[in-house]
Structure formats: structure tokens, C-alpha cells
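Consider the two complexes below, in which chain A is the common component and chain B and chain C are the respective partners.
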Partner chain A sequence: MDNLRGSHLSLVIDMSPMQWHLSGEGPPTNAYPLTLDAFLSQLLAFLNSHVASKDENTLAVFGAFPGRSVMLYSSTDPAPNQQNINANSFPPFELVDSNIIRRISEEMEDLGEPEEEAPCALVGALTKALCHINRITLATSTTVNNPSGGPNSTNLPDPRILILSVSPDLSTSYIPIMNSIFSAQKLKVTIDVCQIYGSDTVFLQQAAHLTGGSYIFLDRRDALLQYLIMAFLSPPSIRKILSVPTQDKIDFRAACFCHKSIVDIGFVCSVCLSIFCQPVPVCSTCRTKFPFKTLQRLNASRPMPPSSNSNSARPRTDTPQLRTISSSELALSSGPMNGMTTTAPVGGLAGGSIVNKREPSTNGKIHEPPEAR
Partner chain B sequence: MPPRRDNDFIDADSESDISILGDDDLDTRGGKGKGKAKAGDKRKRDKGKAKAKDAQAYTWEANYTRSWETVQEDEAGSLRSSVEDWMARGRRRRLLAPASAIRRTIIRHLVLLLDLSASMMDRDMRPTRFDLTLQYAREFITEWFDQNPLGQIGVVGMRAGLGERIGDMTGNPQDVLRAIADRHKLEPVGEPSLQNAIEMARSSMNHLPTHSSREILIIFGSLTTCDPGNIHDTLDSCIKNKIRISVVALAAEMKICRDICDKTGGQFGVALNDGHFKDLLFELVPPPAQRALSRAAGAGATNPAADLMMMGFPTRLPDTSPPSLCVCHSEIKSEGFLCPRCLAKVCDVPTDCDICGLMIVSSPHLARSYHHLFPVKSYNAVMAIDHAVDSAKGCHGCSRPFPVAVAANTSEGLSPVGRYRCPECHRDFCSDCDVFIHDVVHCCPGCGK
Partner chain C sequence: MSIAKPYTYAENTTPGSTIPHTLLPFLQSQSQNTLTRLYQKPSSCLSIFRLLGSLERQLIMNLLWLESAIPASTMAAWVVRDGKKYYDEALATLFRLHILPTSTVKLALNPTFKTSFRQAITGSGSSGSFGVPAEKEDKHPPFSVESLDGYALERWETILHYMVSSGTGQHPTRPSQGVLFLLERSGLMASIRGSPLQITSAGFQFLLHSPHAQLWDLLLQYLHMAEERQMDLVEVLSFLFMLSTMQLGREYSIENLGVSQKAMLEDLRDYGLIYQRRPSSKRFSPTRLSTTLTSSSPPLPTSTGTSSGPKEGFIVLETNYRIYAYTDNPLQTSVLNLFVALKYRFPNLVVGSITRDSVKKALSNGISADQIISYLISHAHPQMRKNNPLLPVTVQDQIRLWELEKNRLKSQEGYLYTAFASQADYEFVLNYAKELDVVLWENTAKRCFFGSLDGHANIRGFIERRTSGSTS
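Then we have the complex of A and B:
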């Protein structure tokens, strides 16, 4: 915990006009409507409290608009001149508020009235936020010996990114989002996510989980500011004490490329890493043909007996808990498994050895080179 | 050792190097522009000292100097010049790499073969070849696992005429690092034996599936090898087993090393100095292109080295689940992953299930490898500002304003106006972002993919 230096917050706002319109609609479909205007005023209150909580705190705001992403505000860059400063306002707040509102309205006007809304450039905004953090991190580490830099300025303390999202997952952005997550890990950036409207997004759940941030799905949109201040105002180093909600149920199983269903044993193309739920002769992504021997071998060592073939070809999509039980029933059909998931500390070993006896034919099969025989 | 005194080496600004040059040399070699002010500055400071050191013309006669401590800051107190050097090197490296998506081997198996013979105690690299090798090996392993999350590394040492297993093939970086952590256990002694060590490495990779790569990386500091038989037989069997051997030599080029690398499709390099040693090593971090592999396999290769792999995606147990023993360490823990086939609990993924042998990965591990398959096109250095087109005042990534002044002389591959343009979205980026996007993010902020 660094008491001398402030923390950095990069905020990424999802500005999809379509989703915000839906979010603002009234009760029959939407119990707790939140309009863009209401959102912005609560957001500015949150940003002001970030600025106010410590003099050294830095802030950058990025907007993800349909088809493009822009930096709306940065406290490290000199802000353009203020013409009319309200005498009754606190200048730092005024600076943040007026700049963000002005930039958002400029961008919204630029958007015009497109016939079809382009998907939101969340990836662009996220990568820009990372570039920005990288730049200020570089700047602090190269001026280590500057007297102004303080004693421990090799790293920006607690840089974090908060994503306020209203849009659903975009399947084409899976790889870029994962790449952004990994670079955030490298930079030691925490990614927090607040899903304000719509459904849970799996990608952003993973982003929060893999970087040690928290993911919050907003049930009560009218309490946005409450959520923001309780969960996201404190820098990550302080959160250990505050016990901010984290999610536990996150699921890292993969979806097959052929049916988009969740699989727990998949078949992966070694060239392009596409995932299939059953052995296929040709990869549908990269057109690679697989050796016939492999197909035979994999078909022979499928985890399920041929009788339950239909069962394995159609992967289960229910909740993880239910799934665990059902697959344990399939694999072992009786007793020891229940012991494993509930009590017995030796469960893992016992369960394993039983499988070992029951299915000797599958053991070690996968890693035998086909031509070894 | 004298071949070490070539241009590359002199460019590394250690004190001892500067004393090799006369004062006039220092002024004339300012062609790179940025080294000039700093070198001149240092010269004034060191004038008295340099005289005394004139006699000491060779590096290995110098005292223990750490070049990274003597160089660094220019008069403004920044690391600009050395950083720029490093960036220029990175840019050139990227431009040499093929831009199109090529097939790469994602599942890799590597045996790191360390020379632990007496020649590693040579002090021509500071502090010794051995210590430097260990240090770089650690960095290499960390970086390698970062880029090849599905790979595995084993470590073999060659000392006293034998091959010695130091670390078993494992996918856990901590295990590999632990294997080479204790330098006293690795104390160099005796003669190296290439044949014995390669045979040992080969035998540990015999059972591997064909779709994964089999690689041996040799860090070789000796100029001799002491073999029990004909090393060409070993070479032939390596070719047959499709093992790719790369050698980083610390002393000089040996015919047999060059042959081994050429015939198995690996890379061979002689390290000229510390920095070059590291470069050579880190060139081997990204997964090898598969076209080279099939070339090495010869015309008769019918196996396209592509295969379908069965993988298990585990269920993650939350921290709140009741504790149970893991199969890998037999420790009681709450968190862990359940093998989807046998439901054994393992601590960490990716791994092979200890019970049923299924390869267990989580989807982010697969995703971590995707950037090798879909790389970001390298940006082009903008050589001059066309005022009609260049409206952007700041970097598209970090929004920093571009410099207004045009730098007088920049080294090859760097933009005099500090702009690098994406060939896809035609946005301009600063040099920091260029490096960051290509080395870390692997996603262009302008294109968004």
C-alpha cells in the first residue's frame, strides 16, 4: 500500500445509444429504468469522489461509441482552456465534469443518425486504456531518479480499469478481449466490471476474474452510485480489507465451435486451436485434415461408452453443480463420488484410483504417438 | 576470444569498451546521433581514469563492470538513447518476421540443455558465463511459458562427460525454475558431451505426440565435445525423430553445432556479448513456424504435423468448497480443478491429469496462444509528415501529442517524426505504443481486432 502516491483509474464507458435507450425504458419490461442522463450525473458524482479522495489520484475516461473509441478525459494531459468557470463550483470537479460532458455531446452529435448501429468499440477503448496506462507507467519508471518522482515510483500504484458496460458479448471480440486481459495481467492492472444493463457478459466476467477485479451485475439500476462507491471507489490494495464482492461461479469451460455448446471434454485442432465436441475429420476453421488413425484412436477412447453416445455428442448446458453430479454418475455410476464432492479428504485419490481400475483402456492413450505401435 | 571485438560489441557502452577507443573515435562514431552527447560527457568525466586504463585493452582484463550501470542516463536524466536502441532492434526483428499468418506449433516441448562444463566458468561474460546463463535461462523460461502456455520444458545439463537430468519435462514454470534455482548443485565441472546430453534429451521426448514440437535448445560455452560414439548417428536419429535443435554458442562457431542446427531446422548463433546472448535466446521464445518443421522432416513427410487433440476443460472449485486432497501434491485444499474424465482434483492447469493422463486446460490458456495465430501487422514508420493527410495530433493509442520537431538523424527503422502507422486502419501510433501493441497487447486499438 502506497500512501504517498494516488491511484490511477481508467474508466471505459459503453456508450451504445441503442442499449441506453433500452435501459431508459419504463417498467413493463424494465423494473428499474436508468436513462443516460441519470447515469451520467451519477457517474460524475463517482468521478468527483475519486478525484476528491486524494490529491494525487489520476483519472482517464474512454468512451466506446458505435464503431469507434475516443479518450474523453485525461488528468495527465493538459486540459483545454476553460472559458466560463462557475464561481460556485470546485475547480477540479468542474474541470472533469465539463470536459467529459462536452466531449460526450460532441461525439454523440458526430454519430448522427445511422441506419444501422455499428457494434460498440469496446475493444478499442479497452486497448487505448491499456496503452495509456502503459505510457504513464513508462513515464514514471524512467524518471525514477527525479526528486519529484518520490521514493518508490518504479510502478504506478494500483492502476485499474473500470468498465461500465450495457452491451451483450460480441463473439467476434473474444480474442481481442482475451489479449487485452493478458496484457492487463502483464501490466498488473486490475479490471473491474459493472454490467449496468442487459445480460451477464462472460468475457467481462473472465476479465475481472483473471485480473483480480470484481464483476458486479446491477440488479437495481437506481442504486448505481451506491454500487459504484461501495465497490469501485477504493483502490485494489485497500479492497482486501473491505471485502468487495467477487464472483465465484465463473466457469472456464469452453464452447465448441460447431454448436456453441459448452463442452468439458473437447477435441482441439493442433493448428488453430478450434474446439470441437466430437472428433471431426477436417477442421472447419483452418481446413486441416486430421490423420485417420487419430480419429479411430479418439473414437475408441471417447470418455463415454458407445451406448451413451448421444449423451456426449450433445453436451449438457445446465449449471456446473448439476453437471458435476450428472457426469460423475455417468463415469462411475455409484458411491465414491458423493464422498468426494462433499466430505472425504481422500476423495480425489479414491475417485481417481477407481477410474483407473474401471477404465484401464483409456489410461495414457492420448499421449501415445500413433506410429509408436 | 578476439573475434568478440567487433562493432556490435563496441556499441555496448561499458566503461571498458570506451577505453578501447581513442578520443577521436568517440567523436566520429557519433553517426547514430544520440550516443554522442552522452559519450562526450562521459569522456570528460573519465579523462583522468581513461589514461590509466589505456593499457587494459581487452574486456576480460577489465574489472567487474556492469555495462547497464555505467551507461543509461543522458544529461536530461532519461534513458531515451538506450531505450531507443532497444526499440530499433525490436522493430527490425519484427520487420524481418513474415507478416502473413503462418502455421505455428502451439503445443511445444522443449529440453533446455545447459553446458555445465569447466569452460562455463570463463569470465568473458560478467560475472561468469555460468551465472549469466542461469540468469537468462530464468528470464527465458518465464517468458517462454508466458507465450507458450500449453508447452512443457525439461532441463538437462552436460558436465563431466555425461548428460544429467536436472528437471523433468513439466508444464509448470515454477517447477522448472526450481530445478535451476540452486546454482551450487549445477557447479560447472569437466568436459561437456554433446552426444550424451542430446541422447538423454531425445529419450525424454520419444513418447511425445507428433502434433507437438520437440525442441532442444543448447546453451554451449565450450569449444570441444567429448563423445562416446559418433555424434552424426545421434544427429541422424534426431532428424528421424523430428527434433529441432537450436544452439546458442558462447565461445565460437563449431562445425558440428552449425551442422546439427542446419540439419534439424533449428537456429544457430554465437553470442557476441551479453545483450546479443539474450537476443539469441529470446528469438526462440515465439513458437516456430511449421513450414520449417516440415522442411526439416524432408520430402517424405506425409504427416502434416496436424492432429486432433483430446482436451479436458475442468470445473473450477470455488474457494468455499469443502477441502479435499489434490492428486498432484496430496495436500488438502479447497480450491482446485476437477478433471472432467476421472474427477481427480488437480491444483493447477494446464497439466496432464495425474490419474487418467487427459490434457487439462482452461479456455483462457487456449486463448493465450491465439495471438501467435493472428498477429498484428507491423506498423510502418512514417518518414515525413504529409500535412494534407496527417490530421491526428496525438497517438491513437495513448493520446500523447506527437513531437512537432523532426528529429535530425534517427537510426534505421525509426520514424523521424515519431509516428508509426497501422497498414490496416491507417492510424498513427507513438513508438511506445508500437512496441507495447506488438509485444504485449497483440491487438490494434484502431482496428479493434
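Then we have the complex of A and C:
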């Protein structure tokens, strides 16, 4: 039977003025320019479609502005008693559209013209979206035990998050993004990602993959609305019938904890699974000390140290090999770089672990957990 | 009359298996011309879109912003193999509604529907189909939402209460003549040889439906009647759809309404769908009954009247068949009285028990066991919702068993064939009858069998041919 409850959509919009300016520039650099205005008008049509589909559908919109994130609209807020209504439009649409446009222009004016654009607070917006979903799902599930609960409040309203991103990856945000992904998995929230401008983002690809969402890199920016409707409008229950595009190739690379750079080959602390781009004597996360000998060996076998100084003279081992090291030592995986498909040795972060579908390159095992003594 | 949803212990969540809305079969029976005229109004398109199943909605959305037709195979490529059945059903529904012109090669929306629905989504156009708001008036401030709810509730419960207490000797407030006529026409109430109206078995079933289904049932009857009253069906439908997109607590002007639509005002006022200060007033306000027509949220905020109890769900059912109903609403008490033997009444509580006799009485009124169970489920007290399954299984099963009891005997007309001369004779005829598949009962020891009525001519002819053949 039809799901009587609506579905919830939380939208996270990347509002970096710089990237939108670039996106709006025409050929030759950009074959399909998309200005912020054109984007917003197509976006509102998409949001109206979501609101139109079911009276119970709920919507929340978050904006990621440089340096801060704000909630632009939430359908759970009490509707202000607007006085003028238009005979040609459905009142709820009017409410959504006018509120979002008003809030965006307010926020844009507040930004002013800083010398240098702060990085976009995408993670902040994503976290707020998760908190919002957590709140509304909690609210519906507690009413079950509450005498004032409604008859239909037993199942959750199919929550999902759609991220519309225009910025490239911000490698400093690796850890918070991964943590958000794990929270989303726990909450059973699907994260969809549409990269509208710029290059593929590694982290958002992983976010979509790990939560069962879909990641689309938009080539034809002039067809944005059609992309949004075909791939992102359908709630998860409909996706079992009308499939949505999924990725066939996912970039699983991680960022190291020490320099926040995306690494092809990393070193994983065998105790706490922190990732480093080079061997370190002491794990910065759990303070585990690694034996000096191990460090030497690891340094010796590194394929190409990023800043080669003392080790550069050492001959490299030709055959990549893996060492399994006893506990409290640093594990190593080394191997040839396979471009995009090379998978970094990725461990888990607090609260979950990354399930890696692709075989982690040709070298076999990456990391062995500490043995019981 | 819609068929009550069959009750299942575990809710079936297969995405495609949706129960279509009551209105859709009616719309599908209309001519293409009528529907195309209906689709000229953006608000009608939006409301019909909301009544459709989720898969149909997604298909419409996929096609809405395309300028040209796309090959059907392209759309079919998106369908998961297991979902093919649902996809084909959804397409068939859209074909029947003429939202998609029938074509097996290319898919494109009906141009009228496409234009109007695009206008609805973008809020453009100048059709004014979402209702023209009335000028603000200082003398009479608009009716508050609470008072509108109260008004709608009073109107609606008057109708239901009149139905449930007909024939019980009570004399509740009579609804208006138009409502009575509608109740009689729809077969919910009937008058036997000039006597006052009596509730029929369809009426009893109607009382146990959800308020939303009741509302649509009545409106559907109204639509059938509108056709006979020479009202313009398109105007009637688009007015209902317009009401469903209006905002609660606002006043709208009647200036832009058509002739049939102005005539409808009076009827809808009687049903509690709209409120007008005076019958001649130039403005009207939709009530919650009309603004929730296309949603599945409960049409009225409270149906327990002035009771201090919880807003939804008031029935506690125990495994010993006792029922505690926290209500002081005479309507709900009367509905419960249909299948419960009431014992005590307190200011806010009614206590009774489900007995064999009380259920038998309900069954003889035409109410089915499933309807009783689904009524108990949908009105269960929030405390009951902690239980899994919600209702005590013993009570559920017993109610079903009592229903089966009623169906214990099944009569069938037919002929008994006896006194065969020999066992061979008997078996020969019996085999012939079995081939015809008309044997209902047989007893070899007594050499007799019972055949159904329609097989008699053949068997008789067969026996006659045999006896005449053996004697000659």
C-alpha cells in the first residue's frame, strides 16, 4: 500500500559566491554556463514538485555560505500569516519560494565583500541537516509512546538529504564529513549528491555510495531541472521500481589526519586506525608509540616520499610488499599508484567503518588488527 | 461505495501496490473531452496529481519538463525488472485518465495537462484557479480557524448522527433537505413505503469508514447526481479541486465562479465544506473538510467533541472482550452501539463488551468483521498502540469466527438422483455427471448423488437415453 506518510527532504545548497561566479561564466571555459539566478529558479520548481507530490511531504533547506551555514527554510516552522495571496498559485508554493529567496538574498548581503573568501561551510550545513532529521524522527517516534500521538506515527518519513555542490573538495573537512556519513548511516538517511560545477568530489562520492544514495556529476548544466527530477525527486520506495543512476566507479581515497591532504597510499595506526601520509613515531590521535625500527623500515619501503630528503638515496624495493606487523606498530601498504582506482588503506573512524567494495589494489591486506597477547 | 481495505497483520509495504483513490475510477469513466476541459485549470491538475499513486506522480514529473516526446523504451529502461508490473499499471492508469495519450511508441504528456501543470508548479498564468481572495472587510473579520473547524464538525456530525440514530426512536437534528436527498440517492438510507428514512446496510458500512473515505463517498455520489441535474461536471469538479488547494482561514470571493459553481455553494454549505456568513454573502471560507480533500491527513482536528480525552483514538479493547471508550460524543457512542453491548456510561467513558449477540446484530446489518476490526484499529487509544499486534488476537479471531458462523450453511439448488438399479448404473451416471463437473455431493453406499441445477437437463437426458437404449 502507499506510504501514507510523506517523505522528508533536506536540501543542502552550496552557496559559494566565487564558484557560482565561475559557473555563470560562459564559453570557452564553460560550455554550459549556469548562473545563480537560473539555478535558483530551476531549484524552486524542483522544490515545488516535492511539495506538490504529497501534502505530508516535509522540506528543509540549508545554505552553506562561506564560513557559516544557515537554515533557509523548514516546513515544520509555523507558517507566517502572509496577507496577500495570489489567485494563480498554490499557497504552499508561494510560501516556500518567497521564504527561500528572501533568506538567500539576506544572507548574501550580510556576506559583504571580504578580501578572501572563507571556505564553504558545507560540513556545517550537512551536520545541521542531520540534526534536523534526527529531531523530526525523534519527535515522531516519541509520540508513539506519548498519549497525544497520532495513529500513523509508527514509521519514519523516509528521510533523505540532497547536496547540491559547486565547490571542490575541502580536504580539511575529511574527518567531519566521514563522521556525518556514519551518522547518516545510523539514522538510515540517504544522501544524494549533485555536483553542479567543478570537478568530481571524492568525499561526496563516498557519502552517496555509503548511504545508498546517488551521485551525479552534471555535464549538461542547462538540463539541471530534468536531472533533479529524474534522479532526486523520487523517495526511496519508488527507487525500487524506477531506478536512479548510481556510480560505477567510486573514488575511495581518504585524507590523512596530519596534513589533511588526500592520499593514495597512507599509513594506518594499528590501534586507533588513524591515517597518516607518512610514517610517524607517535600516533597523534591515540599517543601510541611505534618502534624506531619499524619507522625505518617503513620509510625505506615508501614508493616515493613526498618531500624526499634523507630517504631519497635509499634504493626502493621493486616489488611492492606488505608487512604484517604486530600490535602497536604501524602497518604499511605500499604499491604502485593506479591513478583514480588505487585505494587508500582506509580504516574506520569513530562510530563505523568504511565498507570497501573494490579490492584494495593488488597488494592484498593493508592492515592487521592487533593480536591478542 | 468503496470496498474496505482488507486487514493484514503486517502492513504491506510493497511500493507499487497502492489502493487507487475513490475518485479515479469516476474520472476514468469520463470522456476525453471532459477531462481535457478539466485539465485547463492548473488547480485541477495539481489536485488530480496528488490523488495519483506515487509511481504515477514520478512518471508525470519525469515527462513534465520535456519539450518533445520520448521513446517509450527510454522510459522503460529506468524500470527495475521486478517493478515492470507496477510500471505498466501506472502507465495504464495515466492512459485511462488521458494524461498520457495512448501510444506504444512515444510518451508525452497531454499538452493541455502539461501547460496547466507547469503553470501550477511555477505559479504563472492568469487563470485564477486557486481561488480569488475576497477584499478585506473591516466590519466582519474573517472567521477564525477554530470556529471554522467547529462549524464543519457540527455539520458533518449532524449528518452521521442522523444516519446512525435513524430507527432507534431518537430524534436528532435533521440535516437539510439536500443532504437527505443525497443520502437517499446514494443508497445509504432508504425509505420503505413512505416511512421515515432508515439506514441501510450500505449506510452501516459507511459509518465505519474513515472520515476521509466518507467524505469522498458522499462527494462521489454528489458528482453522479450533478450529471443528472444537468450541472456542468467540469465546473463541479474544478470547484472541488479549487477548494482542495485553498488556504484554511481565508475568505474567497464568489465573483469569478460559474453558474453551476454558485449553485454548489448551498450544497457544500450543508455538508460543512464551506462556510458563508449569510446565504447571500459574496464571500465564502473553505473549512478543513475541503482543504484536506487531496491529502491523507485527518479532515477534522478532533472528533471527540468537548471531551477532555485524547484527540485521536479513544478505544481500549481488552482480551476479555471488554471495551472502554473514552468519549462523550453521542455520535461515537452510537457507532459503537452498532457492534458493542454497552454496559455503563460515565461522563467521559463508555464501557461495554463485544459479545456474540452484539456482533451478530452488526453482521445482520451488513457490517463485516473486517470493518469492525479496522474501525477498532483506526480508533484505538494511544495506550493500545504499544501492543503488537494492536488488538488482542483472541478478540480479532473470535469476531472473524462469528462471521464465519453466519456463513456456515450454504444453500444450492439442485436435484438428488437416487434409486439406481445397480451399482454399475450408478457409477456410469455419476462418471458422466463428474465429467460435466456438476456433482455437489455423492454417497456410494446409498447409491445417490446430488447434482446442481444447470446439470440436470444433461443428466436427465443421459439417463433417459440409457434406459431407452437398454430396453430396446
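In the analysis below, the second predicted complex is superposed on the first by the 236 of 373 C-alpha atoms of A that agree within 3 Å, B and C clash if a C-alpha of one lies under 4 Å from a C-alpha of the other, contacts with A are read in each partner's own complex, and residues count from 1 in each chain.
Everything that follows uses one rule, which is that a contact is a pair of C-beta atoms (placed from the backbone, for glycine too) under 8 Å apart; a residue touches a chain by one contact, two chains touch by 3 or more.
What you see is a predicted model, and the numbers here were worked out from it, not measured in a lab.
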A:Ser105 touches, of chain B and chain C: first, second, both or neither? neither
Comparing the two partners chain B and chain C, which touches a greater set of residues in chain A: B
Chain B versus chain C as contact partner of A:Arg253, first or second or both or neither: first
First, second, both or neither for A:Gln296, with chain B first and chain C second: neither
Partner chain in contact with A:Ser261 - chain B first, chain C second, else both or neither: neither
First, second, both or neither for A:Ser243, with chain B first and chain C second: second
Chain B versus chain C as contact partner of A:Thr127, first or second or both or neither: first
Overlap of the chain B and chain C footprints on chain A, listed as residue numbers: 145-146
Touching residues (chain side chain A, partner chain C) in the complex: 1-4, 45, 48-49, 52-56, 85-91, 93-94, 97, 144-151, 154, 225-226, 229-230, 233-235, 237-238, 240-243
Residue ranges of chain A in contact with chain B within the complex: 69, 71, 74, 77, 121, 123-124, 127-128, 130-132, 134-135, 138, 142-143, 145-146, 172-176, 178-183, 186-187, 206, 210, 248-254, 263-273, 275-276, 279-280, 283, 288-291, 294-295, 298, 301, 303, 320, 323-324, 327-328, 331-332, 337, 340-349, 351-353, 355-356, 359, 362-372
Parts of chain C lying in touch with chain A, wherever the complex brings them together: 5, 11-19, 42-43, 46, 49-50, 53-55, 57-59, 61-62, 64-66, 78-80, 82-83, 86-87, 119-133, 245-247, 250, 292, 294-297, 310-313, 378, 380, 382-383, 385-386
Of all residues in chain B, those that touch chain A in their complex: 73, 77-79, 83, 103, 105-107, 146, 207-212, 290, 303-316, 318-320, 322-327, 330, 332, 338, 340-345, 352, 354-359, 362-364, 366-371, 373-374, 395-400, 430, 432-433, 436-437, 440-446, 448-449
